[in-house]
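I am attaching a structure below and will ask some questions about it afterwards.
All chains are identified by letter, namely A, B, C, D and E, in their written order; residue positions are counted from 1 within each chain.
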Amino acid sequence: MGFVIDARLVVRRGDFTLDLALTAAPGEVVALLGPNGAGKTTALRALAGLTPLSEGHIRVDGEPWHDRPAERRPVGVVFQDYLLFPHLSALENVAFGPRCHGVRRREARRLAAEWLDRVGLADQAARKPRTLSGGQAQRVALARALAVGPRLLLLDEPLSALDAHTRPAVRARLRRHLADFDGAAVLVTHDPLDAMALADRLVVIENGGVVQEGTPAHVARHPRTDYVARLVGLNLYRGTAHGHSVTLAGDAVTFNAAESLDGEVFLAFPPSAVALFRTRPDGSPRNLWHATVAGLEPHADQIRVHLEDPVHAAADVTPAALAELRLAEGDRVWAAVKAAETHAYPA
Amino acid sequence: GIASGDERITLKVLAASSLTEAFEELGTAYGAAEKNTTVRFEFAGSQELAMDVDEREPADVLATADRATMDTVAGKVTGRRAFAYNTLTIAVAPGNPKHVQGLASLADRRLRVVLGGPIVPVGRYAAQVLARAAVTVRPRSEESDARTVLTRVRTGEADAGIVYVTDMRSAGISASSVPIPAQQNVTATYFAAAVRSGAHDPAAKAFVAWLGSPTAKAILRKYGFPTP
Amino acid sequence: MNRRAPWVLVLPALLGLAFLVLPLAGLLLRAPWSTLGTRLARPEILDALRLSLISATLATLLCLLMGVPLAWVLGRVDFPGRRLVRALVTVPLVLPPVVGGVALLLALGRNGLAGRWLDRWFGVTLPFTTAGVVLAEAFVALPFLVISVEGAVRAADLRYEDAAATLGASRWTTFRRVTLPLIAPGVGAGAVLCWARALGEFGATITFAGNFPGRTQTMPLAVYLALENDPQAAIVLSLVLLAVSVVVLAGLRGRWVS
Amino acid sequence: MNRRAPWVLVLPALLGLAFLVLPLAGLLLRAPWSTLGTRLARPEILDALRLSLISATLATLLCLLMGVPLAWVLGRVDFPGRRLVRALVTVPLVLPPVVGGVALLLALGRNGLAGRWLDRWFGVTLPFTTAGVVLAEAFVALPFLVISVEGAVRAADLRYEDAAATLGASRWTTFRRVTLPLIAPGVGAGAVLCWARALGEFGATITFAGNFPGRTQTMPLAVYLALENDPQAAIVLSLVLLAVSVVVLAGLRGRWVS
Amino acid sequence: MGFVIDARLVVRRGDFTLDLALTAAPGEVVALLGPNGAGKTTALRALAGLTPLSEGHIRVDGEPWHDRPAERRPVGVVFQDYLLFPHLSALENVAFGPRCHGVRRREARRLAAEWLDRVGLADQAARKPRTLSGGQAQRVALARALAVGPRLLLLDEPLSALDAHTRPAVRARLRRHLADFDGAAVLVTHDPLDAMALADRLVVIENGGVVQEGTPAHVARHPRTDYVARLVGLNLYRGTAHGHSVTLAGDAVTFNAAESLDGEVFLAFPPSAVALFRTRPDGSPRNLWHATVAGLEPHADQIRVHLEDPVHAAADVTPAALAELRLAEGDRVWAAVKAAETHAYPA
């Protein structure tokens, strides 16, 4: 099975250079993750033909795309704030693409109505974008992008304009639509949750280049940069392994990991695996260190305790446990992690 | 008539604005006499007319308020003739409330006097008149034509102004005039000529010639223009 | 807004309004109301009014056809010399209209730069024709449209054009179906200004197109001529022009500007 | 923008540009370049130019003082009759300038509505003075400023004024320190238009203020008069006016509009 | 101890009527929560004097405020998108308030510099708002609001403009500043996390009126409306209790609760308390029902399973458990909740 898309995108913009190899199979959803200014939008615009390539190529279904103008690439784009044409109704927005591809007015409207129906907005067809809620607007944008029958669907932070409230429902719907789509989809997002929920593969870029790539589960379990670790909510360290024992850079602490490795490794464990004690515990955890409480903050229904000195770490405890420990910023505590929960992998 | 065939001819006449009323009647009279000819006028400052002859759609006849203007287009016209005269007078508010006695009164600094600009005919004549009377006037404004000078007086913005005698007709009761004695006064001569590049050369020449006819003279005199 | 307007602002605003309205009040008060009926009944007035409305409307259409693309290019396309072109576009604003008329004569007159060829090849001469009136008005009014529309073009969100492109719209389709509707308010406002300016045009018209009743004598020309012979009639004519334009402006501007 | 400009737009844009530039080219080509030096050396030209620049600038200041508050009130305060006032403000746009001059005479002339009292009480008569020139120019140019600034006022985010209020700013402080800086680009653009219009003003000036070298004869008046006598000189004068204004406009507009 | 603020806010706007009694003690932070259009912003604007009251009163430190214009109320407002004056530097923004209160320029600038220092932005003083990051802008806005020495601090969604990344740090900082503030603070938010982290008391409004009020912990444990339940992530039902047994409305299911009550009650349990089984389990959970899987979605590091039919419920399971269960939408599963984890309280 060939790739729908096989591209190498090089875009130079003053100091910034994007250099990214990207492939996607039919039906695959690739999420592009990365911090602000990493080049995610630039990559998407290059794929769509809105930003010219400085170098590289784009092949979709084997055809070269890189020298075609945007309007001649069968691509569907869902923009960050949707960019629904404000003077057209939802139906006319969706019919716009087919009309541009030479479909007759009646037929285009029929097609648009069908697409609106498919995204569950058949009864909103006549409304102007400004009167739609965020979730509805997003669905119209999706219908508009899909109505031209694209081979490649590009989504730039399709959920970021929604409030926390409507996001889950819209995300679930979007997932269903992506599952029905047989081309390739590239999704830009800031939100690990969106990436995990929607993508088959993650491509993490920082500073214009790929730093990590893999399935969501793999990336979540094996972060390779601080950015990814913070994204997936893991504590991440770099160190040198000798069998199960991993000495962190700077010799600050030595951990015992589940895996046995040798050489440079990453070591990761979730904040929920960290137990805190006022006094030095006597017990099974092999990894134990004395730390300072740098901050406290609610996190889901837990409290996240930030530790520092000698290493930064986050620990999640229940409010009840916190009340018992009577922790405050500046306090010294003992932190412990079971070896079974620390996870080492080659750097 | 001179016009050949039975096609109607429309003569375009560019005329100095002081001729407005008189020429409108002349046009009607000429149209009655020469059935095949309609006369259309365009009135403007003489200099503007001269320029029109240069740049715009062909006109047939040019009538100016002085010789100098006609001189500037000498190469483009033919059959020039003087057909009317005019003299100057002092226009004042109705009843002469400021008691203007003559040209000498205009030197009074408290009196608001308006003259034609030094480059328009009425202004040039006024300058000659004042020079002859050895009167120095500091005008408040130098207007672009005689009618505007008169309007200033009629609206009360100015107390006095020097205009053509013929202009006073149109002012009716909204202005009075203080005559300028003949020895101080000057005579403006109106010239008419056919435009060389005009489309209706014979008809144009005929109209210019007709301006010397008794009918035309009577109409011109009716509007206050002495004729040759 | 629940905060009342401060007097330091309302006072000069009222002063400004008075400054604009007082002269109009002067016109209204000095109008010869008793003889208004008979003065208005003269057919030349209707001719001049009709000509004014027709030529201002045609000039506005001409300005729209040339000005909207020009404004779009100025606002969107980055070409060398854009600043100079932008300054050139405002020139007819500064040019006294009479000079504008002279310039038009030099360019499109019978012996003008281009006019010579128009005459020779097509037998077209523009001065003394209604087409000449339209051109003179368009020349003077075009900058208003261009400036207005350029502002709208610059303010419009470029990204909608990107969105249209990804949907397969050609540049022309994008302009027609996306850009133009987005800048419609600016185009509307510009067209209104343009029309108003064209309606009041005097200097360039009389210089370029001359003054011929029914063909090139628009209301402002009629007013000007009446002013010399019969100021009362001039006031009546001005009031007619004003009434017509206030009605049109209040109608259009209320709809477009808001 | 990596998309090239479509020809259907570039062509009419070029046509529009040609339409604006051709007449200027006419002026430039017909200018008596050989005698330019001696013609320019005449002191009246310098007088007229100086008077034009000074009066246009003063008129712009006057317009700013009255027009910005007026625009603010029109854009912000909801009062009955706002639509009518808005239409009234555009009236001087439609009014042929000569009629504007007549209206000014009727209002501020020696026998005018208000002018009579100015004369009687303060001994001030405006016609035939430089102040009259400034007023005539301001009357004609004010709508440009008001329309420009009102657009900016409406577009400005009201909530900044709320924010200022919660910080203890009075309405006047809010206007001065928040609103005015926010609408500065609009005010700048409006002032430039206003200045340009004032600089080119002819009809209202000659009708209201008359024509006297050094006192009320601005460049456009000098051009008009020269036109009748010495068209070559008129072209030279026009070119001087144009050059000065293009320099000023290119300088200011580039800065303010962008 | 008296209240800093004691208000009854009635604002009528067409169909919508806000009618809200609000008090706050010195140092107290009250969070105003509610769905879109509930009237939160309206309440804040009424307190600030930006929207006039239709009825009611506002007393701050005993003084009536309701007939004062906004500029004469010693109030500090942090607006949703901060509304920093774009033409002024950070320092000038902060100095604006003191200047308006008659402080001399030098002194105002000194004060502003001090405030910027306090929010950790001493070195950003000269920068224009547009060049500040979201978190920095928020801190400048806070400094600006506090620099006038307000008795009442109003914050409208102070964190919603920040991306998920910078939010926790800014939230922690904001909490410290609020703790230092000795007036009363009213905070509008959509986000339960913000509310829990920052507020001493929650006031939940819906449709212009208060529907629930109390400490974060209490509200989180005893939601009284669907909105609150969804907000705090609980499954909430209404039913009739006879001792420990609670029959849900519609007789759909009968639950066993930890509490013994009689009459109308709410019944709540967290999604994490729900266990799922492919086949009917034999075990201790007393509450067991057969349900249909309506949707799946990642939630923190768990998967949230939405159940429906006969009742809506959310269940959180680990990805590993999910893999074992091989659940997909439409599947039938058994759901069980231990009575000890279901919580009943009078309606």
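In this text, a residue touches a chain if its C-beta (ideal position, glycine included) is under 8 Å from a C-beta of that chain, and two chains touch if they have at least 3 such contacts.
Predicted model only: the values in this text are computed from it and were never measured.
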Relative to subunit A, chain with the most remote C-alpha centre: B
Winner on C-beta contact pairs when B-C is weighed against B-D: B-D
Centroid spacing, where centroids are CA-atom means, of subunit B and subunit E in whole angstrom: 88
Length of the line joining the C-alpha centres of subunit A and subunit C, rounded to whole Å: 55
Centroid distance [mean C-alpha coordinates] between subunit D and subunit B, Å: 35
Sites on subunit B at which at least two other chains make contact: 155
Subunit A residues counted as touching two or more neighbouring chains: 50, 69-70
Residue list for subunit C, restricted to those that touch at least two other chains: 3, 105-106, 112, 165, 170, 227, 231
In the complex, subunit D residues that touch subunit C: 1, 3-6, 8-13, 15-17, 19-27, 29-30, 65-70, 72-73, 76-78, 83-100, 102-108, 112-114, 138-139, 142-143, 146-147, 151, 158, 161, 165, 170-172, 175, 189, 193, 196-197, 199-203, 219-220, 223-224, 227, 231, 234-235, 238, 241-242, 245-246, 249-250, 253-254, 257
Interfacial residue positions of subunit D with respect to subunit B in the complex: 105, 109-111, 127-128, 206, 209-213, 216-217, 224-231
Interface residues, subunit B side, partner subunit D - complex: 45-48, 51, 112, 114, 117, 119-120, 139-144, 152, 155-157
Touching residues (chain side subunit E, partner subunit D) in the complex: 45, 48-50, 69-73, 75-77, 79, 83, 85-88, 96-97, 100-101, 144-145, 148
Subunit B to subunit C touching residues, read off their complex: 17, 20-21, 40, 42-44, 52, 54-58, 145, 147-148, 151, 154-155, 170
